[in-house]
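Order as written gives the chain letters A, B, C and D; numbering starts at 1 within each chain.
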C-alpha cells in the first residue's frame, strides 16, 4: 500500500502538482475566452494521496449538488470558483468516473431539451387535449 | 518472432550459449597458452620468477617513469573507460540481479545516477580513444579491423544500456533485447579477439615480470 | 417491447434521461480512453449508432475473462454496453443450451451477415485436427472459421485468445494458437490480459459501437489507447525505480515503504496495459499497489518468460551446467591444443638444422 | 639445407612459446611502446613502434596458433608470410632495434617485446635476412675467434704493452685459477687500459685469475644476429676453456651483450648448466669493495654521470653495483633523468653498431642521449660497456660535444690506493 506521508524517502507526488497547474491555466482560459476544460482523473495515475492533496489545495466552495441520473452524480464546487469536482456513481454507489470541470455550471446540472420535452408531453397529457402545446423543437 | 519471444531467447538460451562460448573459449585460450609451455631456464637465477611475476601484474597498472603524453592519455582514458565499464557492469541493481541469478551472490548497488555517470564517462573515454586511434599515426599504423570491431562491440552495451535507462529510441522490451544481445555478442567475442586481454593480461604481465625477475630485475 | 434499433431508443426504453445519456457519453469517452473534450462527439455518434450483434465464442479458456466482465461493477456501464449490444451467443451466459444455443449462433450469423462482431476468449488447439476442444461436436477451429466468415471484426479477449496464453505455454500439448494466427482477412483486436481489465473490454466494444470501426492498434494488435504505455511508465512507484530504491523481499523495510518491486520480479517495464491508471475493482487498486510485482499477463508468452519472481534482468534457466561443461570442454580442448603445439615446437626443434657460417655466407648479397 | 623462407618459418615456430602466445594475445595496439623506443622518439616515424617490428611474427602466430587464425588461413582469408615481407622487415628488426628492452618495461599489458625480437631474429637468420655487417662479424667470430678479427698474437702484443705499463704480469692459461677473465675485442683494440686496470685491482685484492689463450673473447655476435646455433658455438669455446683451466668463476667484461650471452643465455644455448659461475666484473669489484679490498684514494671533482648499458643493467640485473663503485671515486655523481632499469640506450646495441647500413639512424637515435647529457650539463660520462663507449664517443664527436667517456674499471684502477705490504707477491704468475 501507499507509504506513510512522513517517510523521508517518499518521492514528491508527481501527479497532483501538474494537475493543479493545469487547473490554474483552465481557470485563466475560462475567464478570458470562456473556454471550458475537463480533466478526466481516472485516466491518470492518480491515487487517494493525490486526491487528498488536490482537495486540500482547492478547498470547498459554495455549491453542492447531487444528480440522480443513471445512478448518482455528485457535483461540488471547489474553493476556486469555476472549478468543480464531478463524480459519477453507478446505481450501487460505486464511483465510475471522477472529473474536474472548469466551467461556470457543469453540463450535468443543466436541464436537457429532450427531457423538458418529455416533461411537456407529460403535462399535456395531464391537462387535457384542448390546448396542447407543441414545442418549436417538435415542429422542426 | 515477437520482442517478448526475443527477450525470452536472449535471457534464456542466448545467455546460456554466449556464456558457454565465453567460458569455453577463455578456458581454451588460457589452457592452450599455458600448455604451449616454454623451455626451462638453465641459467642460475638471481631472483624469484613468481614474486617478480606477481609484482609486475600489480605494478604495470600504474604510471611509470618517463611516461609521455601518449602514455598519460592512454592510462587516463584507459582507466576512465575500464572503471566506467566495470562499475557500470558490476554495480547497477539490474546487473547485480543477473549475477545473482547465476551465482547466488549479490552485493550493494550504486545509485542509478552514479551508474549513469560511469556509463557516460566510459562512452566518452571510448570516443576519445577512437578519435585518437585515427589521429595518432602510431596507433593508426598498428590498428587493424579487430581494433575497430572490438570498439563497436564494447561501446554497444554501454550505449544501449543508457538508452534503456532513459527510455529512448525503441520500446523498452525491444531495447532490452538489443542491450542483452549486445552484451552476449561481447561475451562471445572476448575469447576470440584482443578483448581476451581481460584475462591474458595477467599471464602476459606475469611472464614479463618472471623473465626479468629471473635476472633480478623488477620489470 | 420491440427490439431497439439504436442506443438512444434502447436507453429511452429503459427510462434513462438525456442527462443520464450525457453522463453515459462522458463515461464512455473516459472508458475509451479518449480526452473529455471528445464527449460531445461521442454523444453525436452514439445518437445514431446501430445496435450490433455480438457472438461470443469460448474456446480453450478458464472463463476468467467472462468472470472479469461479469464481476465488475453492477449494474455497470459495461452492462449497459452489453445490454445494448445484442449478445446473441455466449454459452456461459445464455439461457439456451444444447442445440438451441447453437441455433441462436447460426441465426445471428445469418441475420447479421457481414455486420456482427465476434468475441473470442481462449486459444484454439489445432494439433491433431483440433480434437482437444470441441463444442457440440464442432472443433474450436472449425467453429471459429465458420463464425468469423461473416463477421465484421473479431475481438480476441484475454491473453489466450490474443497470444495463446497458458494453453500455448511450453510444451503446448494441444498445439494452441491465438486468434490472429487463424484469422487473417478480418480486423482482429487483441484485448490481452489474464484476465483483461473489464473496462478495457467494454471500451473496445464501445469504440466499435460508437465509431463503427476498431480502434488504433499497437504492433500486437492491441488498442493503443489502453496498451500504449507500459505499467512501469505509469507506475506510482516509478520514482523509487529511478532512485534505485528496491524492495528485496516481500516483507522488508523497502516493501513496507512501497519501494519498487523490480527485484521481486515485477514485469512492469515490459508490460503494456492500463492497470496502473484504470486499476481494478472500481479503480481500487492494482497488483503493484497491493505490493506484488506485475506478472506481465498482457504480453505474449508471459508464462514462459522466466519465473514470476525473477527480475527481468536475470537469466532464464540455470547456467551452472553450461558453465561446468564449458570449463571442462575448454580446458580439455585447450590442454590438448597447447600440448599438441608444444610437441610441434619440440618436433621442430628436433628437426632443426643448425645455422652455420656457410648459411650466412650464402645469404650474403 | 640452405637458408629459405620455409626454414625461417620453421625456426620461428621453434621459438613461439607460451610467453609469446600470451603477449600477442594480450596486445591491444595502444602504441605506448613507441614512446619507450629511441628510434621512434628521435624520428617520430610510426614504423619504429616496437610491436610493429614484430608484425610478421604476430601474423605467423595468429595463423598457426589461434583457432580463428588457423581457420582463416585455411580458407584463404589471410595470406601466408612471404620472403618479401621478411625482407621488408629486416631493417626494422635489425637496424632500428638495439634490443635494449625499454619497451618491455613500459608495455601496459606486460608484453616482453624484446624477448620476441630476439626470437624473430632467429627466423630472420634462417630465412637469410640479416644485415651484411652482422653476418660478416659473426663469420669472423666463428672462423677467426673474434668479430673484429683479433687473434691471440694481437692480444699477446697488447698484454706486453700493458705489462710494461703497469709492471705486473698478466696471467694467461693458468690452470686452477679462481677466475677466468674475458675481454671484448673492442677493449683489446681500443681500450686496452681495461686489462691493466683489472690486473692492478686483482693484484691488490689477491685474486688468482687468468686469461685463456683460446677463449679470451667475450663478445658473441651470434646473440646479436640472433642465431642460437652460432651463439652456442661461441659460448662452448668459453665453457671449454673454463673447464680446461678448472676455474670457479668466469668474469664477464665491460661489455653489454657479452653478459647476456654468457650469464643468461649461455647455459640455455649449450643445453646444460655451467660447472662454474659467471660473474660480471662489476659484481666482482663490488664484492671487493664490500670486503674493503678495493681501497681508493682521491675523488673526481668534476660533475659526472653514468650511462647504464642496457644488457648489464635492465636486461642483466647488475643495477646498483656500478653506482656504489662510482660513488667511491666521484664527488659529484649526478643521475640522468631516466636511469637504471629505465635508462635510454646509446643507440648502438643489439648489433646496430656492427651494421653499417644503420649508421645514420644510429646517430639520429643518439640524440636521445645527447639531450639527456645536455639536460644534465656534464662533461664526464662513465660507462661499463665497450660497445656503448664506442657508440657514445662517435655520437659525441658527431655532435661536437666535449664530453669525456670513461670506463668504470679503469677509473677505479686510476684511483686505486697503493697498499703495502701487498699480499699479492705470493701469487705465482
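In this section, contacts are C-beta pairs under 8 Å (C-beta built on N, C-alpha and C of every residue); 3 or more make two chains touch, one makes a residue touch a chain.
Computed from a predicted structure; not experimentally measured.
Asker: So which has more C-beta pairs touching, A-C or C-D?
Answerer: Most C-beta pairs in contact, of the two: A-C.
Asker: What chain is the most remote from chain A, judged by the mean position of CA atoms in each chain?
Answerer: Computed centres place D farthest from chain A.
Asker: Of all the chains, which has the CA centre nearest the overall CA centre?
Answerer: Going by the distance between chain centres and the overall C-alpha centre, it is B.
Asker: What is the distance, in whole Å, between the centres of chain A and chain B, each centre taken as the mean of its C-alpha atoms?
Answerer: 61
Asker: In angstrom, rounded to a whole number, how far apart do the mean CA points of chain C and chain D lie?
Answerer: 77
Asker: Please compute the C-alpha centroid of chain A, do the same for chain C, then give the distance between them in whole Å.
Answerer: 34
Asker: Calculate how many whole Å lie between the centre of chain B and the centre of chain D, each centre taken as the average of the chain's C-alpha atoms.
Answerer: Those two chain centres are 38 Å apart.
Asker: Could you check chain A for residues that touch two or more other chains and list them?
Answerer: Residues of chain A touching two or more partner chains: there are none.
Asker: Quick check on chain D: which residues sit in contact with 2+ other chains?
Answerer: 16-18, 65
Asker: Mark out which residues of chain B touch at least two other chains, giving numbers and ranges.
Answerer: 28-29, 32-37
Asker: Give the list of chain A residues in touch with chain C in this complex.
Answerer: Listed in rising order, the residues of chain A that touch chain C are 1-3, 7, 9-12, 14, 38-40, 42-47, 67, 69-70, 73, 88, 90-92, 94-97, 99, 107-108, 111-115, 118.
Asker: With touch defined as at the start, can you tell me which chain C residues reach chain D in the complex?
Answerer: Listed in rising order, the residues are 338, 341, 344-345, 348-349, 351-357, 359-365.
Asker: Contact residues on chain D for chain C in the complex?
Answerer: 1-3, 7, 10-11, 13-18, 65, 125-126, 128-130, 132, 135-136, 138-139, 142-143, 225, 227-230
Asker: How about chain B: which of its residues touch chain D in the complex?
Answerer: My answer: residues 28-29, 32-39, 41-44, 46-47, 56-57, 60, 64-68, 70-71, 74-75, 78, 136-144, 147, 192, 194, 196-197, 200-201, 203-209, 211-212, 215-219.
Asker: Which stretch or stretches of chain C touch chain B in the complex?
Answerer: Listed in rising order, the residues of chain C that touch chain B are 220, 230, 232-233, 242-244, 246, 262-263, 269-270, 299-302, 304-306, 310-317, 319, 322-323, 325-327, 329-331, 333-335, 337-339, 341-342, 345.
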